[in-house]
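Listed next: structures, encoded as structure tokens.
Common to both upcoming complexes is subunit A, partnered first by subunit B, then by subunit C.
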Partner chain A sequence: MNYLLKRVLAGLATMLAVSFFTFAAFSLISGDTATAMLGTSATPERLAALRAELGLDRPLPVRYGAWLAGFFTGDLGVSTSYSQPVRDLLAPKIALTLGLSLVSFALITAVSIPLGVFTAGRRRFEGARTVLNQLGMAVPPFFTGILLSWFFGVGLKWFTPGQFPDAKQDFAGAAVYLLFAAIALSIPRIAMTARMLRSTVQEELGKDYVRTAIARGNDRGQVLRRHVLKNALPPVVAFLAQTMAEIVAGSIVVEQVFVIPGLGQMLVSSISNRDYPVVQAIVVILALWVVLAGTAADLISQRIDPRLRLGGAA
Partner chain B sequence: MKRRNGFLTAGLVLTGLVAALILLGAFWTPYDPNAMAAGPKFDSPSPAHWMGTDNFGRDIFSRVLQGAGATASIALATLFIGAAGGCLAGALTGYFGGAADELLMRLNDVLTAFPSILLALVVISVLGPGKKINVILALGLVFIPSFARVSRTAFASLRDVNYIQSARLMGASNLRILAVHMLPNTAPVLLPALTIGFNNAVLAEASMSFLGIGVTPPDASLGYMLSEAQGMLFAAPWYAAGTGLVIVAMVFSVGLLGEGLRRRDKGVL
Partner chain C sequence: MKRKLLEVLLLLGLLSAALCGCGGGSTGKTAEAGPADSAGTQDPAAQPAADHPNAITVGIAQDLDESLDPHLAVAAGTKEIMFNVFEGLVKPTPDGDLVPAVASEFTSDGTTYTFTLRQGVKFHNGDAVEMRDVVYSINRNRLAEDGGEPLIPALSAIKSMTADDTTLTITLDQANTEFLAYLTLAILPEDYDGQDTAPVGTGPFKFVSRAAQDNIVLERFEDYWGEPAYLDKVTFKIIENADSILMSLQSGAVDLFAHLTSTQVAQLGDDFNIEEGTMNLVQAMYLNHAEKPFDDVRVRQALCHAVDRQQILDLAFDGYGSLIGSSMYPAFGKYFDDSLTNHYPHDVEKARALLADAGYPDGFAMTITVPSNYQPHIDTAQVIVEQLKEAGITAEIQLVEWGSWLSDVYAGRQYQATVVGVDASTMTARALLERFTSTAGNNFINYNSPLYDSLFVKATSSAGEAAQTEFYKEMEADLTKNAANVYIQDLADLVAVRKGLTGVRFYPIYVLDLAGVRYTA
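Moving on, here comes the complex of A and B:
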């Protein structure tokens, strides 16, 4: 229980640090916000008035505190390019991006773990497999995405590239669309995770307790599942937690390829528009999601391997 | 008993080929990459135009060669900033330890919990998008923590080794110990990390330019060309295929090289 508390506190601290860095970074250039809204021909008085209205004239820690309080009560400020509350802009997009990342995560876990375990015990075609593995890691998600939309979209017409179906009207269509985006996103991570699991399992297989267990007449498959996997998994679970960070980063690109109206697309257009309240909110939401996933993964690996509870983890 | 390291050989040969092509592209391309109507519009691949032509009739192979050069040079510059900054920080904290070490590692934990592209996007929106130098700076800064972590572990593991202690007893300065005695011995760890870093830099630059936030015209970049190609997927699928395959070839050959280096130093063949 103590461990749980410590882990959650560490996650919160990370979150605070990340949001403060982002906030401070954008404050450095927030003088531009008033100029961006009024144009360069605005008088200094009007600029000052707008800054006062937006609260930009207060010291940094005060503004950060106010922003943080707003974040937790759902008030994310007002977008400078859409003149709409950031919350209303982002609300319909959050589910899409988080959905995409969850589907990708499920896909990565479901494919890479069996793949890694299955290939660990077999040494045949090792060279060819490593080459395949490297190839999997070399194909960037946006290229896979273009290939998939060319083959399944333009060729087989399973979906229309660039037209994301409205999930309320056509749920199945939206699901298929998201699945292809998730596949594009997952391939490099599947290659990496499978490779990592393979090497940890192989390392475990060489240990004395495995030889003893097999020498005592236990079934090889059972030793692999019951004992080896249990010891080989924690580093992989930790790696999967980092995977969530990569998925989130990848979803920004994949949303652009598949024209999915999620947070990533919004982030990119807001950076081009210098719409900092929106950029900031999206960055913090995505970071929160990543930290949550990391904390969850830590708690899971600690369940699998109780030794980590004795302070080895943090 | 020494076995051949096929990955290292294959990686070296492929990387050499890709590098030779890129170098060639810097001095000579079959056509002027920006010349309109070097051939008919939307011409499919042929002996005259190996990767076909685009909507302006520009030769795609020439453009890809030039774009690969831009992508590779940005990746190398990024790698230089990230590796130099990271190794310096990692070497000092790993060797001396203490409070600075503790602080830097905590900071590192926070930063690695953060998606690198997202971090690069934040940095670049602060610096201003669309400029080559800003892309290099943003990515370079983002790459420092991972190199710091890897090199810190490598240097810390050497700190109490006998030959380092004997060097210290002979009165070698800290600088000499770090540069002459330790640095060469961290190569087994740092070299594969460099290849991984190069690949990450190529992929990150291509992603950012694909999003239209990295390198934008008139500068050429594979990522931007791929986003252009996506719009012509119906008319000229070879544009996307050619550009994408070049990225894959670059990352794949350097990846093999890294795998070869890793196996050589681990003794796994």
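Moving on, here comes the complex of A and C:
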């Protein structure tokens, strides 16, 4: 309980720090909301008037304080580029990006763990495996995405690239569409996770206790499942948590390739527009995501390995 | 050996099984979704036109991510699309003329303009357009809020405005033949304050919805006073990624896409007709005259001679585009002076001589700032960098994000050279030329030519159209002779239109008119 409280507080502190640094970064980069809004029609008088209207002429701590006060009362502000409440703007996009990330994560876990364990005990096709693995890691998701769209979309017409179906009207179509994006997003992480798991399993397999267990007549597969995997998994779980955070970052690119109206495109364009209420909201959401993934990984690791539980409480 | 091969095959099998595991699942889903899918996404090539929903999807590379209020929107991309939603008292035609729109007729002697309100014009919300809406719309642009600058400074030329229910009389402080072009400003309902997000106008299409970074939907306005639009519905889909643009066209998701590159067009295949218009931009390497060495006319002329513009078109644009020699593009017709186009032929020797004369016999180093979101300008800058090397000038490209370009280059004027395209907000020569008068707030190159300033005064105060055109041409010549910028081209506008669709009209300003677009069969 004590531990959980600590995690929550640490998480909150992280999000606060992230939100403040984002806010501060906005005053450091050139161009502000007013110059972005007025574009080529900007004149010094109009800029000054707009800055006053938006409250941009107040000092940074005051503006941050105002934003923070709004945030804690559930008011995320109004997008400066769309003149719409940030909450309404982002709600449908969060669902999409979250969906894409979860599908990718499920794919990564479901494919990489069996693949890693299966290949760990078998050393004979090292060469082909290494090539495939390197290929999987090296080819960036946007390129895989383009290939998948060409082949399955333009070629086989399993989905229509550029036409993401409305999930409410055509759930299956939206799911297929998301799945292909998720495949593009997951391949490098699958390759990495599988390789990592393989090496940790191999390391464990070389240890004395395994030899002893097998020497005492235990089935090799049983040893692998019951003992080796238990010891090999914690670092992989930690890695997967990190993956969870990175998927979200990767989804920004994949969403663009697949023309999925998620958070990614929104983040990029709102930075460009200096639409700070939107950027702040997205950054806080992403920070929350990372904090949650990290906490989940810790809890799972502790379940697998009770030694960590003691360490955490101390 | 055999066993090893077998194991490799097995491994490959496993991998593909893993992939097919997901693939297999999706096949099942596709099969289920099949019937529904084919109803929703009809393949235009495969079915007779009569079965089509009378609607198209138009791809655009940038969202309309700003206020949709036509008086406040600033981005060229927003005005381009919302052209379909709004109209002024008059509106432009593809030929560059102005014809009555919300006004049914107008007369003018240069100083006094009289408009008759067209009967039966309705706003998209169903209200009839009244004279008070017209007066409100003009005043909103003409009068500044709390002492600032009005939205359209040129409207401050209005001395008085009198209106009754049907007739509007505008008197100017002096004769101005260009004034009419400013009355293309959108007529908006006076008692409506939702223009920012749900705009209401009088155009052939009405605004339905906007989903940020996703799409914008317009529908035909049934009560349009003029010739109605052919299509029931137009969905604008925002697709930023260049590869995705191509795939969306080929997959059938998008029917029409403007401003494509020649490379994209070459890859499109047989499903599309390519219409070629002009972008109506003055693309140039703009030079900051307040920065050394660009304050020296010889250096600027040397740059003009050093750059081979035809080679830029050939290398970066597959030969598309029309060369220009001043701040005016050919679509402007009478204002365009073609004799200026080749004022600075490609001549490296001359460039070197001019540089030596200016005190830079060994050339110099410079930075070209380019907004990173405009690939045509980046490509152009890259060719220029290579060409300048021959004249001994070492140029370096600095890519900046659009927001920084606006604040540092455009507003802050902190740069040496920048490659961009400048557009005209209205169909007047003034829209392109006024910015280079020494006191203009948007004179981002810091151009300062007393002759130019005096010509501008003469041009704007001359009553005769012919005389005025002459003055504008002299201004263009002044820009050319002083090598104000390294003028390059007006880019070609390549529009991919799915076969079976027709009616794309090109204008001398940056708009995408969809009212005439229709299925042929």
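By our rule, the second predicted complex is superposed on the first by the 262 of 314 C-alpha atoms of A that agree within 3 Å, B and C clash if a C-alpha of one lies under 4 Å from a C-alpha of the other, contacts with A are read in each partner's own complex, and residues count from 1 in each chain.
Everything that follows uses one rule, which is that contacts are C-beta pairs under 8 Å (C-beta built on N, C-alpha and C of every residue); 3 or more make two chains touch, one makes a residue touch a chain.
It should be emphasised that the depicted structure is a prediction, and the values quoted were computed from it without experimental measurement.
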**Prompt:** Taking the superposition as given, does A:Tyr82 touch the first partner, subunit B, the second, subunit C, both, or neither?
**Reply:** second
Examine A:Leu4 and indicate which partner it touches, taking first as subunit B and second as subunit C; both and neither are also allowed. neither
Note to self: With both complexes overlaid on chain A, does A:Leu286 touch subunit B (first), subunit C (second), both or neither?
What the structure shows: first
**Request:** Please indicate which partner A:Leu107 is in contact with in the superposed arrangement: first for subunit B, second for subunit C, both, or neither.
**Result:** second
Between subunit B and subunit C, whom does A:Ala24 touch in the aligned arrangement: first, second, both, or neither?
neither
The chain contacting more residues of subunit A, comparing subunit B with subunit C, is C
First (subunit B), second (subunit C), both or neither touched by A:Gln163: second
Next item on the list: Pick one for A:Met137: touches subunit B only (first), subunit C only (second), both, or neither.
Entry: first
Overlap of subunit B and subunit C contacts on subunit A, residues 29, 146, 149-150, 154, 161, 256-257, 271-272, 274
As the complex stands, subunit A meets subunit C at residues 29-32, 35-47, 49, 79, 81-84, 89, 92-93, 107, 111, 115, 118-119, 122, 124-125, 128-129, 132, 146, 149-150, 153-154, 157-163, 165, 169-170, 172-173, 175-176, 179-180, 183, 256-259, 261, 265-266, 269, 271-275
The subunit A residues in contact with subunit B across the complex are 14, 17-18, 22, 25-26, 28-29, 127, 130-131, 134-135, 137-140, 142-143, 146-147, 149-150, 154, 161, 242, 245-246, 248-250, 252-253, 256-257, 267-268, 271-272, 274, 276, 279, 283, 286-287, 290-291, 294
Note: in the complex, subunit B contacts subunit A through residues 6-7, 109-110, 112-118, 121-126, 129, 199, 203, 206-207, 210-213, 223, 226-227, 229-230, 233-234, 237, 240, 244, 247-248, 251-252, 255-256, 259
So, in the complex, the side of subunit C touching subunit A is made of residues 4, 7-8, 10-12, 14-15, 18-19, 21-22, 25-27, 29-30, 32-33, 36-37, 40-41, 57, 59, 63, 65-67, 74-75, 145-146, 148-149, 196-197, 210-215, 237-241, 243-245, 247-254, 373, 401-404, 406-408, 410-412, 441-442
